[in-house]
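Sharing a structure, written as structure tokens. Questions coming.
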Amino acid sequence: MISRRALLKSGAGAVATTLAAPAIAQAPKKISFLTWNIIDQEPMIRGWITRFVKDRPGVEVEWLDKKGPEIPVFYQTQLVAGTPPDVINTQGALGLEYAAQGALLDLTPRLKAETSVSSRFNADYLSNWAYEGNNYMLPFYITKTLLFYNKPMFQTAGLSGPPRSFDAIIDAAQRMTSGEASGFLTLNFDWLYWPLYAMNGVDLLSKDLTHPTFNTPTAIEVTDRLAKATEAGAINKISWTGRWVEPNGAFAAGNVGMLHAHSPAYFFFKGQGKWVTPETLGVAHAPGGFATPNSHGLGISKASKNADLAWDFLKFVTNEGAQELGVNRKLVTGNTAVDAKNLADLEKSDPLVYSILKTQLEHTDKMVGNWRLGNDSKVKEAFWPELQNVLLGRKDAKSALADAERKVTRELKRG
Amino acid sequence: MLLPFYWVLKTAVTNENIYAYPPRLLPESPHLFNFVDVWYFIPFPRYLFNSLIVSVLVVASNVIFNAMAAYALTKSFPGKHAMLLVFLSCMLIPFQATIIPAYLITSKLGLLNSYLGLAFPLLSTIVCIFVFKAAFEAVPQSLVDAARIDGLNEWRIILRVLMPLSKAAIATNVVLAFIWSWNAFLWPLIITREPTMQTLPLGLARFLSYMEDTTGALYAFAAMVLAPSIFVFLMAQKEFIRGLTSGATKG
Amino acid sequence: MIPKIGRRGAWWRKKRTRELAIVACFLLPSLAIFFLYRVLPLGWNLLLSVQYWSPLKPPRWAGLDHYQEMLLYDDVFWQSLKNTLIFIGASPIAIALALGIALLLNSDLKSAAVYRSIVFLSYPLMTVAVGIIWRWMYDERGGIINFALRESGVVAKPIPFLQSFEWALPSVIVAEVWQVLGFYMIIILTGLQSIPQHLYEAASIDGAPHWAQFGRITLPMLRPSLFLCAVVGILNSFTSFDLVYIMTNGGPGHATELLITYIYKSGFGQTKFDYAAALTVVQFILLLALTYLANRAAGGNAGSLERQ
């Protein structure tokens, strides 16, 4: 086994060095493209591939699409075997983890050399995947959290508009709580709830990502208030126990005042919630404009044998492809020119979606919950269960945060 | 017992959201479109074909290899105890812990993306070996001795004496091997790159909407994957009825 | 076996060698598969558990660091261990239930055949589908169970089955038993089928009551089947991986975390393959110990029946 790995390493090294040399096309050059759960856009992607290979004789593109939970298994296995897909699409911090593992190609030199490419993206979103100062991925499509709210419920509770501070959130939530109705719901995966802490000035880690900074009296107080509000029913319990279907479903049922989620949630709960119309759905930023991004990026595997071709494909997808993607899926791609145009069109055709997507491009300097950690999942695993314990009333805030601090420190030390 | 199934079928024929409150007991506006959609949207026949080939391969080799191994285990030989222990402990190794080495090994054997590769890890299963073993041991020794005196060699003994009296065990083997290979998801996911080599569960999963599906399509899919296994079981059903051994010993 | 008259020594040895050769040949195909797909991977896990390794980086020696981490610092490990044991502990109940059902349905009546099919129906359903179905059934709002409970007035507020720390594991276990009952039944039915009828007839003639027949004939003859069921029950702690993963993903807060989900998450979720390997080794040892105990309870030798 060890010799095999050594072989793998030397093989990868050999490939890396030959990448510098110009690629001479002789046999058909093939790259594989792995996407994350976008199978409904099959015609579009096949169209991209057709157009891409049309101008490049002798080139083939193999397209694979896998669902979210399947990708890590698939990709890691392929990685160990030395045959990872050339271009991969990841969501959230997974890209950073793969970069930290050394699975992804460092795109920084290429971006530096081709400023036309780097300038086409929203800089804040592009830096979502900057690990240790180097860029590993380009934005495929981007999302971040915002606050959806149920206007009729707000009116009944006598609230004039969306909350503008943490206190206002708690207050509004309490006012809308009665019987089965609750005031506030948030998604909890991938740090999506972090704006609640950010707006109180709490940060998870120090700027250099070496030690935790969340065990502060403020954080304890915030956690305590959240726990009490959850117990009182003002914050719906599903915020801390649900994944995707339950929280969005609850909001769709029409008896939750506010939903703190990222933009794709809209399409999900709109499908289930008959009450959702432009008049009844309110869209706002979370207080302070803080939001956690949860974007999809495109990167190149370091073990790719056709890195230049893969880079070509990346450029194609984020330029020509982005336009179609933005229109078909009604999302923001990170390509500023494309997004500007798509949004201008949406403003006329679907003002509600326009207002939602507009928030994705505002306050991009206030993005939190996106620490450039190579071991994001481990830190998350060390922190979240403790927090969940408090929020569900099993533990008190002080000891939970202290325990979490201990565990996070261990993970950070391990590197 | 049956409630979940009723619900599966009910939602499979409608498009209503299953999380709607309150849950409806009868399907509203039932239609069979979900089943039709699945057939046309993806290369269903191809996946069906792939799954069939792999399952047939698995079932056939299971019956043969397991019977052989079980027969060997009914004899006494030095190291039998250790061998039994080896077999038992092999059962205790979960698939999830073997994904990476299994992939590497299959790759070394050159079996990636192939029917044999899909079937390989399942060609023999320990549970079924023990089922055969129990069945073989329940056959009275006198029959085996009689056969041996008649001059039959080992193969013939298995085929002519033991197997016919172990119909239930064979049926169990067939049913279980079929189910395990038909429902396999994780292994085909990793071992197949080309969509044309994918098996049914994998292929149908592609069909699910990109946002966790809560409507009938999912259940149409589940029902369709389930159907053949049920069919195999129903066919093998009659072997579980008693009545075959008694005749032989008396005579 | 009556050897033919002749030079006993050499002849007997030759026959024995031939017999051994046959045993070896017959065991070979199965052993080959298990060697490749079980033994080698176990070895890989064992090796990995004493190293620091991540894909693409060379391995470093770690000694027993991972085990130390696991046993001394990792409360998730202990929680999953506890949950796994509870999970396994539910299997005797399920097996007893299956035994009862099998006995009832062990006849060639048409109705028995129908009921057998109904009970078995749950097993061929993909565990992923079972997970999704039960997760929906347990749902607080749209789920049928809560709906029935509220309509019939048993409870006032919906019970958060899969979201509460107390109810989550039992709920998952119920779903698991629902699915695996048919499997136990089929194993037991196979075993019942091979019990010679004449034993019962002789006992009836002797005037033995039914329960005595059950205790003296059925149960002992079923030993290998019951042992098999017990082992499968132990295995369920990881073959129900999909079920747990889909229904609760180990939550809330590790209340339903089994060793196998923890292994999978450590490996493919957190890329801690070396730690996952150590967990696998520990789980293997645990399961081995449990199987050994089950073997002893079944009378040794995998519950095989001595020739009567």
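In order of appearance the chains are A, B and C, and numbering begins at 1 in each one.
Rule of thumb we're sticking to: a contact is a pair of C-beta atoms (placed from the backbone, for glycine too) under 8 Å apart; a residue touches a chain by one contact, two chains touch by 3 or more.
Please read all numbers here as calculations on a predicted model, not as lab measurements.
If the chains shown are joined wherever they touch, the resulting network links each chain directly to all the rest. Comparing chain pairs B-C and A-B by the number of C-beta pairs in contact, the larger count belongs to B-C. Centre-to-centre spacing of chain A and chain B amounts to 39 Å, using the average Cα coordinate of each chain.
Centroids of chain B and chain C (each the mean of its C-alpha atoms) stand 16 Å apart. Multi-chain contact residues, meaning those touching two or more other chains, occur in chain C at positions 44, 139, 141-142, 267. Contact with two or more other chains is made by residues 17, 19-21, 100 of chain B. Within chain A, residues 73, 76, 80, 249, 253 each touch two or more of the remaining chains. Contacts from chain C toward chain B in the complex involve residues 1, 19-20, 22-27, 29-31, 33-34, 36-42, 44-45, 106-108, 113, 116-130, 132-134, 136-137, 139, 141-144, 147, 178, 183, 186-187, 189-198, 221, 224-225, 228, 231-232, 234-235, 238-239, 241-242, 260, 263-264, 267, 273, 276-277, 280, 283-284, 287-288, 291, 295, 301-305, 307. On the side of chain A, the complex with chain B involves touching residues 4, 32, 37-40, 62, 64-67, 70, 73-74, 76-77, 80-81, 244-245, 249, 253, 264, 267-268, 271-272.
Listed in rising order, the residues of chain C touching chain A in the complex are 44, 47, 54-59, 73, 76, 139, 141-142, 160, 163, 165, 245, 249, 251-254, 265, 267-272.
Chain contact summary for the complex, chain B toward chain C: residues 1-5, 7-8, 17-23, 61, 64-66, 68-69, 71-75, 77, 81, 83-84, 86-94, 96-98, 100-102, 105, 120-121, 123-124, 126-127, 129-131, 133-135, 137-141, 145, 148, 154, 165-166, 168-169, 171-172, 175-176, 179, 182-183, 185, 201, 218-219, 222, 225-226, 229-230, 233-234, 237-246, 249-250.
Considering their complex, residues 1-2, 5-6, 8-9, 12, 69, 72-73, 76, 79-80, 97, 101-103, 237-238, 240-243, 246, 249-250, 253, 302, 375, 377-378, 381, 385, 388-389, 392, 394, 410 of chain A touch chain C.
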